[in-house]
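Across the two complexes that follow, chain A remains constant while its partner is chain B and subsequently chain C.
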Partner chain A sequence: MTGKRRIRIMVAKPGLDGHDRGARIIARAYRDAGYEVVYTGLHQTPEEIVEAAIQEDVDMIGLSSLAGAHNYLFPRTVELLKEKGADDIVVCGGGIIPDEDIPTLKAAGIREIFTPGTPLDVIVKWVADNVEPRGEY
Partner chain B sequence: MSGLFDKKIFDDLRASREKWEQELKKAFDARPERLERFATVSDQEIERIYTPEQVRELDFQRDIGFPGQFPFTRGCQPSMYRGRLWTMRMFAGLGTAKDTNERFHHLVKAGQTGLSTAFDMPTLMGYDSDSPKARGECGKCGVAIDTLVDMEDLFEGLPIDRITTSMTINPPASVIWAMYIAVAENRGIDRRIIGGTIQNDMLKEFIAQKTFMCPPEPSVRVITDTVEFGTREVPRWNTISISGYHIREAGSTAVQELAFTLADGIAYTQAAVDRGLDVDDFAPRFSFFFNSHLDFFEEIAKFRAARRMWAKIMKERFSAKNPRSWWLRFHTQTAGCSLTAQQPYNNVVRTALEALAAVLGGTQSLHTNSLDEVLAIPTEEAATIALRTQQIIAEESGVGNTIDPLGGSFFVEALTNRMEEEAFEIIHKIDDMGGMLAAIERHYPQQEIADAAYHYQRQIDEGKRTVVGVNKYVTEEEIPVEVLEIDEELEKIQIEKTNRIKNERDQVRVRECLEQVGGACSGGGNVMEPVIAAVKAHATLQEVCDVYRRVFGEYRDPGIY
Partner chain C sequence: MNDLVENVVKGDIRAVARLIRDIDDGIPGVREALKALYPHTGKAYVLGITGSPGVGKSTLVDQMVSHLRRKEKTVGVLAVDPTSPFSGGAILGDRVRMQRHSLDEGVFIRSMATRGHFGGLTQSTRSAIDVLDAMGKDYIIVETVGVGQDEVDVVKSAHTTVIVVIPGMGDDIQAIKAGILEVGDIFVINKADREGSDKTLSDLRLMIDMDQKKYEDGGWKPPIVKAQAVFDKGVEEVLEEVEKHRAYLLETQGEIDFRRSPKRVREELMDLVKNRVIEEVLGKLTETGDFDAAVEAIARGEKDPYSACDELVLPRLEIH
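Up next, the complex of A and B:
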């Protein structure tokens, strides 16, 4: 029997920023919602994140940044996914992201940005509405 | 010693209570209680009313006493704010050293009484601005410091022989401190004169803030070097600022913040004692750093309990004899995690309440967050309002007119006792695990904090806890606030500056100095003098940290969630 497999999500912390409260809470919320979750841990370069995402065969990457380097780190991750031919992996982001940066990030291929105060349910539901498993069983 | 209350009063009290409860029942029958459960931010349940019954055993001399006297529940110094107000110390750092220097001058002109430095992520992690790991991060959430020249620019025109400087720096604390000492000495200021604080608390990094470089054990070893060096050479310096702030920001409860912080303090004290230092020589230079969150009385009780607990720990556990060793002196920062991006002007009010709790709790210094800190590094205007908040509390509200005005409140004393009791339970659990280093290896504090953070977030999402403007009183229209932007060009400028310095220095001398640092690391000698020599020769922050990484190894985040 073939069928769609469970959605696999990578929660990733790019850069040197150590604020992982949000990322860890979101990883738990995805897990509790029944998704398979891979958490990278802190201090990952975009290169490391992309390599791990391909290796883990994830359907989505959630990037978290709270120290202001999102304008470099988020687009760089998408760029590397393209280079590796893995740009069907959906990328979204969250953290301390000023409103005026959001259009640029979306134009760079970040599908959604979740800013502080977004309820967990909204973040979790977004996956169901926007992410499809890339492979089958 | 006897209790505070005459035993006879409890009979009368019981009768009055019964009468009150009957009336209460009638009132609640007509209109039920407002909430199913009344609890603090940390989810500690709070009773309807507090009377002498909850503090039946309270003993004035033993539990409350006078400020400046054991167990210091009411304050460390006998005079507290009747003598001198707390130090108004605003955490600041942005862009280049020159940008931050301008902000320092502005804050001093606005009436700030101490300096506090925020470094950017590469500096905090021991990388220079030209490292590939630093791409996109230079100057973003603090100031970029690569060489002694940056440090000289940072403190240009500031009287560091008179003003004290706090530096929030951890894995590379020894290097940044060496640079500060070098700046002073190059200006002809004796290292024995300068005063300030390096955060230098690695244990809470593994637990909460997560800027780490080397594994826990060698990290504590370098810290012990700084403690030893400071005790001998820089006697006015606070060698560690044992920090609960980040533990709380990571999502802990107030009791966990209290317990984990003091357990970290125990670990540092033990490490220095094991080195052969006399506790009364170094303990007076340990300082603390707490969070002030939104639950007003819980925070005040936490500060009072912290002082009393540390005094007991130092006196009973470490047999310290110098009363200064018993003092828990602390800096406070209002809770960054309590601020909201929605309706950001509300943050001014949150910060004011948190600052007031810190003052009523007897803080020695205070940073008040700016209303825009949830969005970016604060603008000058926002930082000024935050400083003015402290000045209004200090000079208009009258709360500093008497010492520990809440001492003796049934509620505050009961809460203080309860938090002390619960925090000691956690400390005993950590002792049973073999101390904080062993507990960290088992991920005990990390896991406890993650659980508490998740629980708190769920309560907000389920509407069990109100966050004004986020899950209640939500408005569609947002009032925009100005957000500070850091110029992307800055990275290029900083890298050019560092490269120029690296090209112009005496390379042979730098190599020799770095070898000396390596020798101290692997041979067990104190690293501080070699590091001071290295930074004076313009070795960069990363070059020294690379030596640490080579000798001690690197720590990687286990990625637990």
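Up next, the complex of A and C:
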């Protein structure tokens, strides 16, 4: 038994927009960096995302949103994690997010926001620098 | 660790999720947890679903979960996807098709990668099945891509193994014949909305009939079901065949005890013992550098590999 924890990441797409190309590209980049990525697909509610994240015991959730409901969906996800006692799961977000929304989102507990110009390797590297395997049960 | 087991038995989601993670990551303490868990296992009915990539396994699993839930059965799902041999990472995407069950408390879904599990995928999956069993799930469905021997072995731990194929897989049917046919209890021709399902049906039937003798002696003859999982067609028929197979097992082997049948137990125990011996002996050999030293000695022509092997292994066989 090696006993080495591997980082697991959930890539989720809350909200109504129907494009998941971005989310898939990110998922692949994480995989190529050696992470295990659970992908949930489109149109997820924060409730569904959080429940899945707990069942999957992921260390991080990457939320992707293009449709502008991030100001509700992202903080709601963090809030639900807290309610479930799972707020040691790191949440970050990406997508089309106006700069002026970022401080509010960070204050709500979203650890980092990646906007469309961010290079993939920066997004991937961020995990290595900021995400640890979750604490003991 | 014992708290963890207690909470698993109570059905606590976080405990279940964490114990499976510990199994996956090979955390040493997990062995004790599995010992404590074992008395709580043996109640669930385990289904294995396998088949080539993209044939609709996850879609079928998703529909089966819905049907079982309508019958008020609780369900655990283990969805296994391949680890990338290049990075060691994986994209676990089966969940996409099943996510509508995410909020249903009677359903627990877990994605697993095939990654270099110590003791192999089969071992980890068996242990994860035990966890879902102990948490009280009535049915446990394990999905794997039927490509390698590992994945085929995994579904062998199931009570009933379902092989999914699609029309027009002429060559693939040959491949099935080579390895998977023997383990299939039920065959599903999915995507029967596509052309060629009758041809696939007769090809399959021909292959199954070749084992005629086995069935004449009272063996189980695998039925073939046509399905369109995405349209929820044929799913109930698949479940009916599962129940028939279950009845057959009950009649011939005492169903639930099936996973504890001497044959099965022998296999599982042999795997455990093998892995443990490898871990204890090989693990220590590589740690101490004795192995590398022996390699060098053989390369320099100072030693023959047979003596080196004896010298490495024999003193280490007395493990407390």
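Following the convention adopted for this analysis, the second predicted complex is superposed on the first by the 130 of 137 C-alpha atoms of A that agree within 3 Å, B and C clash if a C-alpha of one lies under 4 Å from a C-alpha of the other, contacts with A are read in each partner's own complex, and residues count from 1 in each chain.
What we mean here is this: a residue touches a chain if its C-beta (ideal position, glycine included) is under 8 Å from a C-beta of that chain, and two chains touch if they have at least 3 such contacts.
Predicted, not measured: the structure shown is a model, and the values here were computed from it.
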Once the structures are superposed on A, label A:E79 by its partner contacts, choosing first (chain B), second (chain C), both or neither. neither
With the two structures laid over each other on chain A, which partner does A:A67 touch: chain B (first), chain C (second), both, or neither? first
Just checking: does A:I54 make contact with chain B only, chain C only, both, or neither of them? Give me first, second, both or neither. second
Does the superposition put A:D87 against chain B (first), chain C (second), both, or neither? neither
Once chain A of both complexes is superposed, is A:G18 in touch with chain B (first), chain C (second), both, or neither? first
Answer with first, second, both or neither: which of chain B and chain C does A:T40 touch in the superposed model? both
Just chain B (first), just chain C (second), both, or neither: which does A:R28 touch? both
Quick check on the output: what are the common chain A residues between the chain B footprint and the chain C footprint? 27-28, 37, 39-41
Chain B residues within the chain A interface of the complex: 121-122, 124-125, 127, 132-137, 140-141, 205, 209-211, 249-251, 337, 340-342, 374-377, 450, 453-454, 457-458, 460-461, 467, 470-471, 483, 486, 488, 556-561
In the complex, go through chain A and note every residue touching chain C. 1-6, 8, 27-28, 30-41, 44, 47-48, 51-52, 54-57, 85-86, 137
Can you list the residues on chain C that touch chain A in the complex? 3-4, 13-18, 20-21, 24-28, 30-31, 83-84, 86-93, 95-97, 99, 102-103, 108-111, 113, 115, 118, 279
If you look only at chain A, which of its residues touch chain B in the complex? 11, 15-21, 23-25, 27-28, 37, 39-43, 45, 67-69, 71-73, 76, 96, 98, 100, 115-117, 119-121
